[in-house]
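Here it is, the structure in full.
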């Protein structure tokens, strides 16, 4: 059962990544691209959690955790740049 | 049974992740697109994390709950990201399907590029 | 040993004079004289040696591997030159005391003179030819100082540089020649070289060796076409000219011919090259000398001519010619030195050297006139004076040589013509100066010079006379012994006498004397003619053009290569690397092994459908984002965002390909890099400004495209080549030893903090250095921050949106907890000090971002440099602890303790090391980011919409 | 006591987070978690100036349950919206006057609005009296404001601003 | 066990770190000078210990080679350590007169620059060499930019940094490929493995080896990769430029270390990898460096180009490939380092005496203490141009003598001799312009004091020492060349070293 | 998988080199970043590719990837980060002092070679 579900899920998440990347490349606005990058980060978390189950390894967990943290910081910095230019002021 | 539940959770999670990104592509303007990733974040990753917790708790030694942490992080951070993105879009006066209060007919798409 | 002391004495004198610079012309002259006498005294005990046929060789090892020893030799030739150098040197020292004015820097003069004297002594007393060359170059250098003594004068500077350039170049050629010579002979010692003549002449390298050595000799001895530096060197004070151009500097060249005579002479090449150069120089010098209006110019060209004469004699190559050559060296030294000194007196007393103005000096200075007449007569080859004797031997030798070839008669004819000119210019030197009417507005009223200024001239003139009248009694012993030194064998019988009967040589002398007088009488139309063509086609002009061309070439080459363009540099580097890489792979060197194909034999790693989907999607996303970043790179913010995506994908590649530590690191670094780029972007144009269309812009783009494409293909190909080959990794060793010997299950971390902890120590030093460098660059940096965003709108008024501010504060303790977790588990599971440090730094940077610098700074320690230092010291200290225990630096230890209640506790020294890493990372990252955020911004008031 | 434990709630949170991270309740880890729960709030206390008290934990729990339920349903609704081809969306900006006053409560409200699919809090007015909300698909903006007020704002006020 | 090999790395590391705790410049200065003196003493001690040909192998962390990183201290390494410490000492003595205050953090940067240099000379591991390269590079970036605001220097710094970053990328690619094919990073082990490269991988290894050569050529400023040097060195503060005189030698050293024992005569199918490349490029470098010195319009730039030329001379020796050639280069190495350093310092003293004209080669006022400075310039010009009687002359003659049997002899002879002539002409012109064509002085400034002249004189003394003791020193460099060409004993010493 | 990673490495290298050769400092910095991705992936790949075999010693592991290249890449990433930080700030300094963000003074200009800027 799981051996069916996981490849399908991997495919779905991969497709999600491709769609996000489409928006990322396509734009048209900068916030659109930031949003797409943020979504890509989410997709990456999903992928890692899936891979953890798939490969039966807990070693992917920290990466997921870190993506959650770092993705957030990146998005905040980009938005702040749009709003204020000077991100550390 | 447990496998079934796991598979279900995994598929639901992957599906919602996918739908989130699909919305990103399909929805018509930035403000509407902004809603899409929330699904991926909440239900999508949420389901997958539950699946993971379930999987490792039943397989390894002892229960595995650290997945809760990722959820916690996401639930604190994702809304802030969305909020800031909306603010940025408002600042840039991105084209909006819905009229923006205090911004009459200035549909300039200044954030382009 | 005494030989060495003799050489050292002038050098020491020079140093003493340069050191103790108290005033007083006499004081300096006395010191210089004492140094010279000391050299003579050192030489004294060894003088008898050569006279009984001994060659004294003394040796002190210096650079044995080079074959260069401090090896000195005293034979007849060396002795003769040493005596001339010291004797005439002594006279010049005395003379200069009166010649130079009190305003001149006498200390510098005498120091340079002694420096030169020592160098000359070294040349003539060297046994090792490399040592000879060493002193040879020193004569060039010291003569530069002497010629440029009146440095304020442009002709002095030009003359000195010219002399240095020409003789220095010759010296370099000589170096090449001597190296070849030494290689052929198997030694750089003269005693070996001089006995290997046959081997040398038979060697295939003989001709290049000969040419290079002759270049050295000819430049030094001012042989045509390298003669032009000598007249220009007349800008030197006259004592210098009297010294350099009579007995020493220019004689070094002919000395070399004499020195190497046994080794090199006796071949047609030698005869043609040496004889040819000598003959041309003899004629050209004599011819031009006549038309000089400058007193010293006349003497200079006459010197050139006489050097040509000596060279020609050596070129003829018979032993007797060599004897004549040596004899003329002696004679020329005496009469030319006295003539220069006389010219100096005239210059000194009249204030000019222009013979068109100096006339009728006999009236004021008959004594000097008489002395000059004797010397000039010797120069002209008038009987009873020494010049006559050697010149007659010379004429005889040319006659002898003439019988050897078909058109040989031309040689005596030519040298007779030269003799005619020599008589004419000698006559001019006397007549035009001391008679020939009245002087034309001389700057000074002439009178006889002070007594002691004449003494040196008197001595030299006396020698001319004595040798001229009683050659056998005076010069014969030293000439014989010197000739023996030249020939390194028995001296042929020669008869030094005034009268040899009516030989062809005598007739040649008569023709020369009569012809010279006639030529001088009819000089007027010739002078008029010479003023019309004079100087246009001189070798000097060639030199000037050559030098100008050299400078122009240098500028052109340098400008063409070093355009100061980074892009050019980068393109060159890339091209070079491509040539090396592709060349290395594709080009099989001759005799080398084949390279093997690109694709190796390894079976590729299979992929399941799910993995493949992920891999394909990941590749697609990565490449799309990267391509978009490059295509859109002019929109800089967009490029940064896209690059963020590339970084994320790279991290995902790491994690899926079994490198979780790498992924964690890549993710953290990625975010910090994005923040850095954003901080910088604030101060930069948001878009690449539109560049003006350049004519060759497309070409440059094509070049860049080619380079980029080739580089991509090359590196990708390299990766493919390696990935498809099997290899024996070191991995199993680390995996096997990580737990038992390193005490950690995370092998990557154990490598970082233990197996290769030294790398990590270096790596955190790099980070610390980056922090120091960045803060150094930022100190005092002022940048303009734009008041409007890219679209020309004013910035959002609220710097710290409340929701963001509050929630990020909430996040800080959580992030720190995660950091501690990552730090502590690193040894056994993915994580470690570096990642933990970045998490901490990012969490803190978040506070700056969300709450502002002022707010955050108030809550953090002010100076973070000590944090960095503490981290470094902790890491290094961990390593030193093992040193203290007698193990190598960075040896680790670990242990398990079982504690009640708490259970197993594992502690490894590597953890302390990792903590050091953590501190450095936190400190350095914060210093860099916060420093950049704090850059002092100026508002230039410019509206950048 | 207050100097040693500036934020007891935070201390508890850190300890729990630690135990979650290490995925273990071994005595050593509990001790370490407690130590961190003491140390980290102490170190970060300058960043947390005010002390927060939760006045009605039960309301908080109920609030969380409501939010979880809303997330679930809204997710499905929005998913249907995205997946149905040709279905036009009816986006709108809605201004919601706020009755909450403290930063924390407002932030949590804004977060909650963002968390539930279909609404995003787009801008907080500088005086913190109005929240601009973007909704993906609304028929009646006023009804939306009422819902938010009832389901989120009221419980939050009860928890953080009881007076 | 002897910890001597690690000490030259640790002293500057710790000194630099401790300096960050010391706020006062005076303390930093004192510590800096003390640390350099200590490094000198350590380097000399090391040289004394290995002078008989022993190789000290220091296994860091007690891990055996090839798995752990080892330091390999032999005569060659010690020779470069001594050279580095000496030039650093005089550069630092010059700097503490005030140049160190022209920007923050001079002293820690200086120490860590030395750390990078010492480490690069000592390490026996290729990747560790990369790490030390990066240390010395980033320290040099910062030091190059040290000084008062100067846009030209900033531009030069930018160019220097970017080109070297590209170089670092290439370094990693080359090292990576070697590891990917041969499975080792240890240099001694590489020597063994390269010789046994399987036939199908020879092409890859050859490409990787040559790419590595490209990296070292960049650091050594070999044609055509020398273009970063003239602007960079000419713009750097005097003591920094003086210290940088050793920087190109790192590249040259690495070429020796890697391409003689690893890709040298014993490398089987990959023998003599750089043979066809090095000598022609070195001669080209010598040529362009000499021409650049002729073309230069500023004294410092002229000296910088002479540094390029000296790189050419040095690598000509190495490029000959024979023991004599390598020995000649190794003798020439400290000479060219000291000479360039002294000239950079002197150029600074001259420039300071000329007011706004600085070091431009235009006639200007008489410089304060012109006689002393002029005399120093004369001697240093002689030294730099390779004229007798100094070590430069000896080095040049050693090189030429080594070239006597080489097929490219005419080229070597021609380029080396003509290059020397160009240097002579260029320096004579500069000296004449600076000291002879001087007009009346307009700045009654006091001339440089003894403290400013002493470092120059000190470097000159070193050159004198190199000259006087050329015999034993060339014996030493010959022995080093022998070690490099017959590396078997050293390889055994490294790979046989006992681990934990 | 090997083919994919080789293509990625190659393309990233090409893009990085292209950007490094641009005219302004910012794209050059971006190019160096892209290039460092390529180089890091390259160095990593030199240990060969493995799925689900992280080099963390555990019971029942299927195998371990070569840990050494991973450690090397980690070092390279950190060093690359330090260098990037340095060069970014240097670009700013150049912009402030040269009033321009071009890497070269005057491209194609007839400027004096080898002469420092006033």
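Each chain gets a letter, A, B, C, D, E and F, in the order it is written, and its residues are counted from 1.
Simple rule for what comes next: a residue touches a chain if its C-beta (ideal position, glycine included) is under 8 Å from a C-beta of that chain, and two chains touch if they have at least 3 such contacts.
Not measured: the values here are computed from a predicted model.
With contact taken as defined at the outset, subunit A and subunit F are each touched by C. Interface comparison, C-E against C-D: more C-beta pairs in contact at C-E. Averaging the CA coordinates per chain and comparing them to the mean over all protein CA atoms picks out E as nearest. Taking each chain's centre as the mean of its C-alpha atoms, subunit C lies 38 Å from subunit F.
Averaged C-alpha coordinates give centres for subunit A and subunit E that are 48 Å from one another. With centres taken as mean Cα positions, subunit F sits 41 Å from subunit D. Separating the CA-averaged centres of subunit E and subunit F is a span of 27 Å. Among the residues of subunit D, those in touch with two or more other chains are 17, 21-23, 110-111, 121.
Residue positions of subunit A touching 2 or more other chains, listed in rising order: 6, 10, 13, 15, 17, 20, 27, 30, 34, 58-59, 65, 69, 71, 76, 80, 82-83. Within subunit B, residues 22, 34, 36, 64, 66, 69, 72-73, 76-78, 80, 83-84, 87, 89, 91-92, 111, 113 each touch two or more of the remaining chains. The touch graph of the protein chains shown belongs to none of the named shapes. The complete set of chain-chain contacts reads A-B, A-C, A-F, B-C, B-D, C-D, C-E, C-F, E-F. For subunit F in complex with subunit E, the touching residues are 20, 25, 28, 32, 35-36, 38-39, 42-43, 45-47, 68-69, 72, 75-76, 79, 82-83, 86-87, 90-91, 93-94, 97-98, 103, 105, 112-118. Subunit C contributes residues 635, 638, 687, 791, 793, 796, 801, 803-804, 807-808, 810-811, 814 to its touches with subunit B in the complex.
Of all the residues in subunit C, the ones that touch subunit F in their complex are 555, 558-560, 562-567, 570-571, 574, 604-605, 607, 611, 615-616, 619, 622-623, 626-627, 629-630, 633-634, 636, 639-640, 643, 646-647, 650, 653-654, 656-662, 665-666, 669, 672-673, 676-677, 679-681, 683-685, 688, 691, 694, 696, 704-705, 707-709, 711-720, 722-724, 727, 729-731, 734-735, 738-739, 745-748, 751-752, 755-756, 759-760, 763-764, 766-767, 769-770, 773-774, 777-778, 781-783, 828-830, 834, 924, 928, 932, 935. Here subunit A touches subunit B in the complex through residues 1-2, 4-6, 8-10, 12-13, 15-17, 19-20, 22-23, 27-32, 34-36, 38-39, 42-43, 45-46, 49-50, 52-53, 56, 58, 61, 64-65, 68-69, 71-72, 75-76, 79-80, 82-83, going by the rule given at the top. Subunit E makes touch with subunit C in their complex at residues 1, 3, 6, 10, 13-14, 16-21, 58-63, 66-69, 103-105, 108-109, 112, 115, 119, 127-128, 131-132, 134-135, 138-139, 141-142, 145-146, 149, 158-159, 162-163, 166-167, 170, 173, 177, 180-185, 198-204, 206-211, 213-214, 217-218, 224-225, 227-228, 230-231, 269-271, 273, 276-277, 288, 291-292, 294-296, 305, 324, 327, 371, 375, 378, 382, 387-389, 393-394, 397-398, 400-401, 404, 413, 417-418, 420-422, 424-425, 428-429, 432, 435-437, 470-471, 474-475, 478, 500.
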